[in-house]
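Can you keep this structure in mind? I'll have questions shortly.
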Amino acid sequence: MSGPQRLTYREACRQAMREAILDDPRVFLMGEDVARYGGCYAVTKGLAEELGEERVRDTPLSESAFVGAGIGAAMDGMRPIVEIMTVNFSLLALDQLVNNAATIPHMSGGQFAVPLVVRMATGAGRQLAAQHSHSLEGWYAHVPGLKIVAPATVEDARFMLKAALADPNPVLIFEHVMLYNMEGTIPDGTASVRLEGAKVRREGGDVSLVTYGGSLFKTLDAAEALAAENIAAEVIDLRSLRPLDMATVLASVAKTHRLVVVDEGWRSGSLSAEIAARVAEEAFFELDAPPARVCSREVPVPYAAHLEQACLPQPDAIAAAARALVRPS
Amino acid sequence: MSARVRLDRRQLLALLKGMKRIRAFEAKCAELYQAQKIRGFLHLYDGEEAVSVGVMQALAPEDAVVATYREHGQALARGIPMNVLMAEMYGVREGCCRGRGGSMHIFDRERRFCGGNAIVGGGLPLAVGLALAARMQGRSGLAACFFGEGAVEEGEFHESLNLAALWRLPVLFVCENNRYAMGMALERAESETDIHAKAAAYRIASEAVDGMDVVAVAAAALRAVEAVRAGEGPRFLECRTYRLRAHSMFDAQAYRPKEEVEAWRGKGPIVRFQKWLDGNGLLHPSDLAAIEAEIDGEIELAVAFAEAGTPEPVEELERFVLMEEVPA
Amino acid sequence: MSGPQRLTYREACRQAMREAILDDPRVFLMGEDVARYGGCYAVTKGLAEELGEERVRDTPLSESAFVGAGIGAAMDGMRPIVEIMTVNFSLLALDQLVNNAATIPHMSGGQFAVPLVVRMATGAGRQLAAQHSHSLEGWYAHVPGLKIVAPATVEDARFMLKAALADPNPVLIFEHVMLYNMEGTIPDGTASVRLEGAKVRREGGDVSLVTYGGSLFKTLDAAEALAAENIAAEVIDLRSLRPLDMATVLASVAKTHRLVVVDEGWRSGSLSAEIAARVAEEAFFELDAPPARVCSREVPVPYAAHLEQACLPQPDAIAAAARALVRPS
Amino acid sequence: MSARVRLDRRQLLALLKGMKRIRAFEAKCAELYQAQKIRGFLHLYDGEEAVSVGVMQALAPEDAVVATYREHGQALARGIPMNVLMAEMYGVREGCCRGRGGSMHIFDRERRFCGGNAIVGGGLPLAVGLALAARMQGRSGLAACFFGEGAVEEGEFHESLNLAALWRLPVLFVCENNRYAMGMALERAESETDIHAKAAAYRIASEAVDGMDVVAVAAAALRAVEAVRAGEGPRFLECRTYRLRAHSMFDAQAYRPKEEVEAWRGKGPIVRFQKWLDGNGLLHPSDLAAIEAEIDGEIELAVAFAEAGTPEPVEELERFVLMEEVPA
């Protein structure tokens, strides 16, 4: 387990769960097809065989019941990891997450905690059409009582789970479907990361590109393209969507005086609006140009590849938005 | 009066007192609501006391309880002290939830009372999870889940019963069938009105019991709890009862005839049980006086406790939105 | 029906439904306790007796099923008005609204429309605690394919429904629980209003206060208080939360150069963020001060009156925010 | 072979052709998926053809159909032209949904085919609403709703059956019980595995039929449709079948033994029916040749149609997000 390792994001998620279940008898995984099928994105392959179907549980197609069961188990000594296949199906469990997981600790006057981790895939890009391509993590980031994270690197995929399980609060982990096959290197199997706090993934002094999850690598590509034009873009990976680490964002804007937020959510009411609003509120006089956003088109994502790609944030659009701020024509 | 269980006089009187105590507490709450000491929604249990009192006596301290928003009876029968309950209704810091939950959200960790839930059906999945936790930790406790017949119409009922039965979890499902969901009569809301029969669709053994007969409820609850503890998986208990008062405090009750309510009042669990005790010479006038005096005294103290309560400082508003640690 | 009338918001909602059902055989109302009980906030009292239980239907406690049934009925010639008692319970029907109502017209290539109206109560203020005090209309305003409106006046409560029923798209109407007892005057029972478009409810040149729904009257109170200090606040009632009438907001900001958004939603990720972000993007150089927001505290709303009120936007906080922009100390 | 309905030779051959047509269409789709002409999810119906073919022949043009994401069979059997279906799989503008829906979201207004739904259970409430619309408008049509046995685990199943039964709406619930929900075997997901028995919990008359026997399905469907049309309220038809291929295109099928699949392949609806027709001298070699030639020709034309398709211009991306009018 020690020494640098090269692995995929998928493998990192699997190792993290395996480690957590082996290390702590209170931890178990439940969700649809996590055991025999190996997970809808093959993330949990092999776990049930090794760890047994008591600790890696296939559930019926009952999102509300098994998410609520995770909350109940968390209230009474367990540390469940509940997998909802994708954010699209989480709408069926939203009542349990918003009205129970997020309220019980506060409503009970601190008598009960809900140390629950919920993992789900999010995002578009696989031509799965309107009902299977949502990016609704921004919705969850609106709810007090929940913590929301979006690992965008293999390292975060490998180590954020441990931090999430150590947290006494309900933590939702959003894994972008386009990241599972991505390869990356981790320092060492015993390393760790903080659950919260944004990270500067690329330094630059001309413009701040703030993003998270599946849009990080598109944004880094855009930064690379901008570099070729002598525009130094700083790329910030939010990592945690709730709470938001505004200090890191504001420090960057204080340096670059320009902000572009990149978010795969539909533009209106997306998390990008919160970031832009906070910067406008808290760093108004630092800004040399209006904040800009690159988000998804406000359309139910269509099946056809060219239409789907037209909906999503793309590197060239990100670069164009940054360019327009740095070099207004 | 069915009495397939052997209850001695002391126990029988305890059942009577348990019901009277709830009735008197709530009568006081209604009064305090008019006086605007209690606000928000207030769902009274008048007529349904036999259900909580009968079921709770069958439970053990290690069992968990999931309640509804019509929960004062459930809370008192489970042993939550009346004073912290009343303080909660007042919305003061001395309340069991610091005044944050109010009537619909009573929690008491010590008594494993896992909350009143104000989303109809929302508590059922929690009970399944509490039972799963007990099973995975090798504890003997079960999870008792209270819900109304209206909750049976929600998808969560269906999902939760299937999951509990599939995994053979120690859950006691207790349906308080009081025939109405707000203004919606059972027969206007469900194509199959024999609720306990629905449990068969999940292969859950079930029983329907006269919820106005505290001894019958107690006996049925003991049978069900025994089976659950024996590892037979979940049990379903339908208690047929009636809500004698408005759904909440504002409700013209245009949806049911006054005569119907009056007829049921005559079959009320307290009058009926008291008459039976009397008829069998088990209730001495002195007992009744003593019980009522004790209850009045307890209520007086509870009100005084609540009246002396202090509002939670606004500075603490955000406390517990996020927990710093999991309570031991 | 003609000539000015004085009535409550509740009565206005009732008259609007009565008229719609009488005027169009395709219109019917269904929801929990709308018939025999008369509605949880007594809005539909008397309708079933007059119009019959075929047109005014009590449903079982099955939010997902009856909302989905409304969608199906709307796809095939009916014009249902579905009442979800409160937004709190709408989470149980969210899948139907987001994955069906909002996607079917686009996904089917325009073959099917969903001319559905969904009414629900929203907001806090009645000491109903965390599970019964949500303001989630901002969430719905994020979803392409839906139209979202929030009548804040008796006139809009009386006439927006007709406009919503005339619209070929799913329209969600949010009625704030604290407005039902409010009285107001309508010009005439046969008047009409537009479904979309913001309205300036009070003119002023010093600062723009943008709000909607239950916060409108708090905001007007704040404007009154500001007037006493010779601060002329312009109050804009968004009326429609999706689509947003930014032209009206931007025109006001172009005049006042200062923006305060008032929204009962939790601050982070609320609709107020979108308004502030859009103004920052589109009117950056018009702003003489950072945009400001007055929202709900990020807490599950507690039962205790003083704590609940401490959570919600209040006139003095609104006035203070405006004052700080106009007269920075 | 059960044949409680009288079907003449022409009709029997139509059933055979209907099944073979679906099988051949999907075999071509799988090939085109490998060739990356079709993307996204592709859920094949191999082994389940008798269900759609048997049920659809019992429906009338005025009936509405709600489908699943495993819907090619449902769509073809309902009469959606193969060329616009194939074009939809290609994601071109000539597709029935302009290439926006793809395999999981087939809509055809003219044939009252109200969409494949990719949220398990999400179509059931729609069917209830379509039936309600027919009833309120005094139309004779019913709503036929297809769903898998996995959908039975979702709360929407429970809510929808209750509502349809309570209001006695003309809904035909058709459960395609192919024993697996992705990798989840029925007995691992539901405490009661006799699905048609669950309908009793809603007082819905139900029947379980051998879904590998097209004539049995056809006969049961006719009986059920007749009852629904007679105003008896909803009916529930469980068709017991089997999915012979992967859930979608990527699926190692580690959750079931190869032998199980092979055994079922032998009981496949097409081989079986064809053998029966043969044995009864109802299938002349020339018929078979003709059927296959027709199908091959149709597929060839469909592929050519799709290949000649044009991408929808990106400028039209936002068209129909909001409708300008309700289509007449």
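The letters A, B, C and D name the chains in turn, as written, and every chain counts its residues from 1.
Following the convention adopted for this analysis, a residue touches a chain if its C-beta (ideal position, glycine included) is under 8 Å from a C-beta of that chain, and two chains touch if they have at least 3 such contacts.
No experiment lies behind these values; they were computed from the predicted model shown.
Colleague: With centres defined by CA atoms only, which chain is the most remote from chain D?
Modeller: Greatest centre separation from chain D goes to chain B.
Colleague: More C-beta contacts across C-D or across B-C?
Modeller: If we tally the contacting C-beta pairs, C-D comes out ahead.
Colleague: Could you work out how far the Cα centre of chain A sits from that of chain C, in whole Å?
Modeller: 31
Colleague: How big is the gap, in whole Å, between where the Cα atoms of chain B centre and where those of chain D centre?
Modeller: 46
Colleague: Compute the distance, rounded to whole Å, between the mean C-alpha positions of chain C and chain D.
Modeller: Each chain's C-alpha centroid was found; their separation is 41 Å.
Colleague: Could you state the distance in Å from the CA-based centre of chain B to that of chain C?
Modeller: Result: the chain centres lie 36 Å from each other.
Colleague: Any chance you could list the residues of chain D touching two or more other chains?
Modeller: In chain D, residues 100-101, 105, 117, 119, 122, 153-156, 159, 162, 166, 188-190, 321 touch at least two other chains, as defined above.
Colleague: At which residue positions does chain C touch at least two other chains?
Modeller: In chain C, the residues touching two or more other chains are 60, 62, 64-65, 88, 92, 95, 99, 106-107, 129-131, 144-145, 298-300, 302.
Colleague: Taking the touch rule as given, give the residues of chain B at its contact with chain D in the complex, in rising order.
Modeller: 153-159, 161-162, 165-166, 188-192, 197-198, 200-204
Colleague: Residues of chain C touching chain D in their complex?
Modeller: Per the touch definition, chain C meets chain D at residues 28, 54, 59-60, 62, 64-78, 80, 95-96, 99-100, 104-113, 115, 144-145, 147, 168-169.
Colleague: Quick check: in the complex, which residue numbers of chain C touch chain B?
Modeller: 32-33, 36-38, 40, 42, 58, 60-65, 88-89, 92, 126-132, 297-300, 302-307, 310-311
Colleague: Mind listing the chain A positions that touch chain C in their complex?
Modeller: The touching residues are 88, 91-92, 94-95, 98-99, 102-103, 106-107, 129-131, 134, 138-139, 141-145, 242, 244, 265-266, 268-274, 276-278, 280-282, 284-285, 287, 289-293, 298-300, 302.
Colleague: Quick one: which bits of chain D touch chain A in the complex? Just the residue numbers, please.
Modeller: Those residues of chain D that touch chain A are 39-41, 91-92, 99-105, 117-122, 150-151, 153-155, 181-184, 188-190, 251-252, 254-255, 311-312, 314, 317-318, 321.
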